[in-house]
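All remarks here apply to the structure that follows.
Letters A, B and C mark the chains as written, and numbering starts fresh at 1 in each.
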Amino acid sequence: MNKMPLIGLGLATIGASGKTLDVFFPLIAFAGGDLESSNLYNSWNQLMDDNILEIQDVEALNIEDKTTLSALQSLNSNIKLILCRIQEDITIQSIEEAYLKLHLISYKFFQPNTLNLDNLFNTLPNVAWTNNGPIELESINHSILESKRAHRSLEIKSIDKFPRLTDYIVPPGVRIADTSRVRLGAYLSEGTTVMHEGFVNFNAGTLGAAMIEGRISAGVIVGKNSDLGGGSSTMGTLSGGNKVKISVGENSLLGANAGLGIPLGNNCIVEAGLYLTGGSKVEVFDRDMVSQGVVKADQLSNQDNLLFIRNSLSGAVEARINLKSVELNDALHKNQ
Amino acid sequence: MNKMPLIGLGLATIGASGKTLDVFFPLIAFAGGDLESSNLYNSWNQLMDDNILEIQDVEALNIEDKTTLSALQSLNSNIKLILCRIQEDITIQSIEEAYLKLHLISYKFFQPNTLNLDNLFNTLPNVAWTNNGPIELESINHSILESKRAHRSLEIKSIDKFPRLTDYIVPPGVRIADTSRVRLGAYLSEGTTVMHEGFVNFNAGTLGAAMIEGRISAGVIVGKNSDLGGGSSTMGTLSGGNKVKISVGENSLLGANAGLGIPLGNNCIVEAGLYLTGGSKVEVFDRDMVSQGVVKADQLSNQDNLLFIRNSLSGAVEARINLKSVELNDALHKNQ
Amino acid sequence: MNKMPLIGLGLATIGASGKTLDVFFPLIAFAGGDLESSNLYNSWNQLMDDNILEIQDVEALNIEDKTTLSALQSLNSNIKLILCRIQEDITIQSIEEAYLKLHLISYKFFQPNTLNLDNLFNTLPNVAWTNNGPIELESINHSILESKRAHRSLEIKSIDKFPRLTDYIVPPGVRIADTSRVRLGAYLSEGTTVMHEGFVNFNAGTLGAAMIEGRISAGVIVGKNSDLGGGSSTMGTLSGGNKVKISVGENSLLGANAGLGIPLGNNCIVEAGLYLTGGSKVEVFDRDMVSQGVVKADQLSNQDNLLFIRNSLSGAVEARINLKSVELNDALHKNQ
């Protein structure tokens, strides 16, 4: 199914100066979706000359679900109702489209790395995320003074271009111990637990149940039944110079405080504390622990059943055959 | 003193569907406690046929302290007052009992690993912890829409089975730089500081003043005057396959970004950045730096006065005699 | 320009027992500042017999700016308006002076390590930082009970001597993904991004645009265009026994999960996962990869163009000539 074109129905927060600070899309209609979805798409599409349209009258939207409909009425004065259409997957043109694409990933309509996110950083404004919603940075220091004087609460939780996922979407069947560590645009599959030390960037996530106690950088995906140990690191492509998209296969374990600079296969283990970069030279052993010579780690990309360790006597990084299988603790993953 | 049987007086939060989301126990009475406590126990015990009882009339509780008594009156409509009795330390039967056992540890009535916590994960529901208290996950996405529309604040801080400690109990004489990183069920002794990068799971904690800038996994205990450096890791037994309960003795230091997979003795140091697993082969040296041969790290469990380093020239992990003593910075630990 | 003497205009929060919990300084006047500032200084200075003065009448302050003036009127009953004067940079005498010095650093009037902060820990009280502002710890457990009963929100975010920066000051041109990880007293230059895993202590920070995904300990400064990778650690001098002030030069990269125990020069890289302590023995290589012998890492302090790695075959720590230059991703640093 080709998932574009599509139209999102959004609630945009408008800042004091009139600019849009964020957009929440509770509903998305697909031209190629089921009957209800495609009917909605067609109905909305007829209203639109441009790809973004402000809606003045909720009734024009033809929404049948009474609960949703009533939730869209009597909006607060700083909230605008909009439609945002994406006809094809090109460079991002607007903040509305940027937010819509982040929603598309977090709703799991599109997997990480399958949408064109060029221009994302330029279209997203830097915003103060507070207990009173997003506010503009321009007069923030005066707002702090005002709140102190009056002993009203102004809590600035984040100053960032990206908000947290759970201010918009709570994916089913997940646990997120500290929601400040998962950005909108994260892709979290059912059965995933993100512990306090875990982190998931936008355009990144898990393809099945997984235990995430380490950091999933932008662009990184983790397969089902895998475990990122506490404080473990996956190399991203946004900074630090790495060009290769990192991933973790299924049934694999990145140990605590370990790091990963190659795409890791299935049923692999990287030992706790070992940072395996693409350029690390690794001595490879067969099942009988006979050396097969030395290769760069990136030559072992996506190979299954490997155990990477640093020999604690010789200090050399080794790839051995992984004889254990990684098992997630079932009780930890029943996220009801 | 055998501390059971006991009865906790709890305030249970009831979700929209009627199920219990959490229980806060401000008061616990012990049959074998002091006169006041045992009188209270006996009085409450007479009211109970089952181990859980809903209290309709606060006066029936015979609470003499006026402040506590008045705090229990005119409860909000989603709060129920209950008694929960634990007669012997068996497998957890209910959410009330689960919360009571977590309180027992955080009040420091019981040390970590001394209570039967079997069935804990199954009895705790997954809950959205918000600025409006715990709420059920079932209709959470609709609640987000409602809050956005009306520009009312709904902050989902955590989606988890475990709440944060300080929503229930603030232990005396501690600092916790970021309370989202200490779960209910943590055991924090006076003089303990948990820095921003520190973390303390349930059924885990410190037995004396300690500086915690690393992660204390479930089941792990840290002795007095010890220091977990920034980002350091202690292996837990819940996931990752480790079976041995890890601990840190007194006057010991786990360096920044280091890791520990054995029970560490007193006056020991694990060098910054070294992950010592139970299976690490370690060359042991005596006080004159004469090699005593190679052993697995777990054979050095609980031995005192050891310095673990990775020789920066040979790459080998070594255990030397620790000639320094670890000293905590006193000023940092005056937590008044 | 000698920046002292100076006087800060502060809003002090007074706790239930009457003691001062924190002070927010929206305005600071310098005797040696520009005309407006020095006029203000002189005007305030005439009012003061002691270094701290409570202001009863806002009009006496001669503040011309109407917005600021009006923000200082009708203060909440637990807020006191004060002046705090620092004539010379001596040991901290009071909580007011402690907060003023932390503001001086975060406003970037003084760089880290240029102010006398002796006695800081003793003058700062341990406070519960909540959604209702700072509150005293003495009756905190009763406050929790009260809030639960009435289903009013009491969120204790931190129990600490130091508050978070953004409750007082939002520096221009920065992103701080999780504000709970930057303390008041941090020095953040324009173009700095502190990611979720970043941390900046008081009296520490960045001298130019920088990407901070690791931990900047107290006393540590990072030069412009440098990058602290995810989970990286800089050794502080407050605990752990280190005496040398750590710093990172310009255009340098501390890799993910790496650590630094020496002052690092310009255009240097510490490989991901390597913890370089001052005592690490390091084999030094020239541009042609000819060994120049072994030195302790602290002998390489502040030297430029070095690449520190652990040889993945021999396990030895090596210092090579860094042939790459570190480049920050521009799009990530446009913090508008």
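Definition applied: a contact is a pair of C-beta atoms (placed from the backbone, for glycine too) under 8 Å apart; a residue touches a chain by one contact, two chains touch by 3 or more.
Predicted, not measured: the structure shown is a model, and the values here were computed from it.
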item: Steps needed, at minimum, to go from chain A to chain C via contacts; value: 1
item: Shared interface numbering between chain C and chain B [over half = same, under half = different]; value: different
item: Whole-Å gap separating chain B and chain C, where each centre is the average of the chain's CA atoms; value: 30
item: Contacts with 2+ other chains: residues of chain B; value: 131, 157, 180, 231, 257, 273-274, 310-311, 314-316
item: Chain A-touching residues of chain C, taken from the complex the two chains share; value: 11, 24, 26, 67-68, 71-72, 74-76, 78-79, 131-133, 157, 166-170, 174-180, 196-197, 211, 227, 229-231, 253, 255-257, 271-274, 310-316, 324, 326-329, 331-332, 334-336
item: Complex contact set, residues of chain B against chain A; value: 121-122, 125-126, 128, 131, 137, 140-142, 144-146, 148-151, 153, 155-162, 180-181, 199, 215, 217, 231, 233, 235, 238-241, 257-259, 261, 273-275, 277, 280-283, 294, 310-311, 314-317
